[in-house]
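In the two complexes below, chain A is the common chain; its partner is chain B in one and chain C in the other.
Right after this comes the complex of A and B.
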């Protein structure tokens, strides 16, 4: 099955395509059968004895054994460990309710901030923006966020943002921006001094030295969602020259 | 009599279909997030020195490139003054001398040393011998 998966890397697959494991390639008399471990990422699901595709997109592969479907969507589905930008909606007792753009609101405990104790409560108000990561995110339970990692350090998470603009883009653009050696990131580096917070839920927050620059960057990013790479580079170079 | 007659349909057990244990059942790991698949970077970014703390965080949190990792390893090796072998030799002699320090007077007399300065094990430990009648 590993080999059939590898053959189809780069092809467009549709939901319903399946990869079944043939018994021949795990039982072999010549060499000791060492069945390969396969990590199936988003878009692939193991059901029964077959690997099924459940999203339409392109099959990607990473060494040594990671496969996933590269698909496009705008609605975010929470996954454990991902960092998102959330908006605090209510404050009830010990827990904040955070809206991250999913089907329900996530809960964020007031103790999940760095240096927070029962006496020393974090300074968080309704309407604040938080950069947090999911600690519980599955379809059976209410999602939970935290602004500290497992060792208790914040690592940049928590409340941010005075000034700045929050806007929404597609999930594909977010992944393109965060990928290593990203072109969008290197194009942005050459423009203006600015600060960016990228949430995996499709939310971006930008802050720059003037309101006009902030708006320019926000519009640029929203529009380069639907552009090809060459169009994007052209647009960025025009902005750099000061035409816009 | 009808009560004694069990129709075949009532008694027929549903044929047990044991699904053959799939050979790959334990070898598939499902990963719901894109972050480990695509090695995504850290979410906060700052360009041209707008927010120096975020730039420090970026350097910390982003997975380092392979070239940078190799450079770091070389640097760390150059900075050690004593090699590992030397350290091991020193420890060997240190352990022996520390052991000698805490040995009791009786045992000290019994401790013999080889040419290699290895301590030979002493078998006899004096115990109470019951007097024979």
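Right after this comes the complex of A and C.
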């Protein structure tokens, strides 16, 4: 199966495509069948002894044996530990309801902010943006967010200040930006100084010294979503020449 | 499903940007988004793309008994459906306020303006008349549904052909399209609606608001007009107070826009007619390109690239550059990048531009070169509504109106052009 998978790396696969173990075809009586270990990433799932594709996209491979499906997805599914940008929708008692672009709203307790106590409530209004991480995120329970990490410190999370623009991109671009040694980020750094918050739910918040620059960055990031690396570099260099 | 709520940060940013006369997608105040009109295989099926807003209209006809008080006239029936496909805010089946409002506006725009000759739809007086039914479906909501719906409806009506009918004495024969060519409806004029959104209690005005702008607007003014400058319907919602000269200005802008759009519609209809005559493949199935990842295709976004700088010894405070084209990432062949192809060079569009730019390039000692654009100023040069046909498109009957070149903006903009003229005048004096 390893070899069949390897053959199809770079091809577009659809949900329902299967990979079955080769060992089914020929059973050797002498050697023990040694199944190759295949580590499945997102988009692939084991069902019984078969490997099923459950998302449409391109099959990718990383040494030594990791396979996953690269898909262009815009709909976010919450996962524990991921940091997202949410919008406060309601304030009910002790709990805020936050919209993060998922199927239901997450809850955020008012005590889950740095330095918040029962007497000292955080200054959060309906419609504010928050940067928080998921502490509970599975398909059976309502998702829960928190603006502090396990040690009780904010660590960059919390309510946003004023100004800036919030816009949406695909999840793929967000992951690329957050990966170490991200090219997108280094290209962006050379353009204008700006403040950028990247939420893994596909939402980006950017603030620059003027409205014009903020709009440029927002439009750039939304466009380079679907570009190859060389196209993107060309675009950024054109912007640099246009601006300077 | 509930729609994403609008955060305070977005609202503040949008309002501030509008105060500085900047829109999210780089348009000017009076610019429309790119309009694309395509037709389906049947007569009377029309798709309209207004930026990302997508609308489909389908016209059908049926022989029915006429209304009692009007035995000589045919019946027109309009229906707008807000499909949940268009936006998470639309629910299936429920008649929301917006749906009622759009239906009412479209009816007023098309029915009350008497754009269709209903008497020609009569077959046997008092017994059989044609009922023309226009169904408009919203496929994607990115703002300004009303304009897209009105363009789609009137284009579909112009495109539609009804079966031919022959009356011999008492016998009425309805011929199928194979027996006799179907005949078009008799349309007197084409009313098109133009929407204006107001912000900050009527201080700022934007034409063709996108979805974000619609959320923060105070009120909306809809003017339906035809190319003969007759106002068919005018409606203001949102409860804002509008001054008389504001409304007059809007109607002038509307007349310019309507004539441009009417030209676009006529061109699209002509192209479709030619394509059908030539026997070429046309219609819905052909207009969906094969083997392309169209889900990832993004149209060029005009973004103003020029930065706002203030130089100590410069009289001019703000100078803006023409929108920079962001290349469309459509990849014709896998592995081949398409950058800069087919784009219009917006630099040096007019002769005087180049002169100014040469002078500019000689400026030294400053890191940031300022390239002065003459786009706003050269309104004296009349540029007719250039309609660009994209030659590599597979859709033969598609005509695309490009509003991103700002010198196609209406010549009637008031204060902004004066400001820019003053700016250039000062610049020239300085030189």
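Worth pointing out:
We take it that the second predicted complex is superposed on the first by the 176 of 244 C-alpha atoms of A that agree within 3 Å, B and C clash if a C-alpha of one lies under 4 Å from a C-alpha of the other, contacts with A are read in each partner's own complex, and residues count from 1 in each chain.
Keep in mind that, in the parts below, a contact is a pair of C-beta atoms (placed from the backbone, for glycine too) under 8 Å apart; a residue touches a chain by one contact, two chains touch by 3 or more.
Nothing here was measured: the structure is a model prediction, and the numbers come from that model.
Touch criterion not met for A:152: it reaches neither chain B nor chain C. Contacts of A:239 after superposition: chain C is touched, whereas chain B is not reached.
Contacts of A:127 after superposition on the shared chain: chain C is touched, whereas chain B is not.
Once chain A of one complex is fitted onto chain A of the other, the partner contacts of A:93 are absent, as it touches neither chain B nor chain C.
Contacts of A:79 after superposition: chain B is touched, whereas chain C is not reached. Using the contact criterion defined above for the overlaid structures, shared-chain residue A:48 touches chain B, although it does not reach chain C. By the touch criterion defined above, A:210 lies against chain C but remains apart from chain B after alignment on the C-alpha atoms of chain A.
Under the contact criterion defined above, the residues of chain A that touch both chain B in one complex and chain C in the other are 160. Residues of chain A that touch chain B in their complex: 1, 21, 23, 26-27, 35-42, 44-46, 48-49, 51, 60, 62, 66, 68, 79-83, 131, 137, 155-156, 160, 175, 178-180, 182, 185, 188-189, 191-200, 207-209.
Against chain C, the residues of chain A that register as touching in their complex are 72, 87, 89, 99, 101, 125, 127-129, 160, 162-166, 205, 210-216, 218-220, 222-223, 225-228, 230-231, 234-235, 238-239, 242-244.
Across the complex, chain B meets chain A through its residues 19, 22-25, 27-51, 54, 57, 60-61, 63. On chain C, the positions that touch chain A within their shared complex are 4-13, 16-17, 20, 22, 24-26, 295-298, 301, 303-308, 321, 324, 326-327, 329, 331, 337-340, 367-369.
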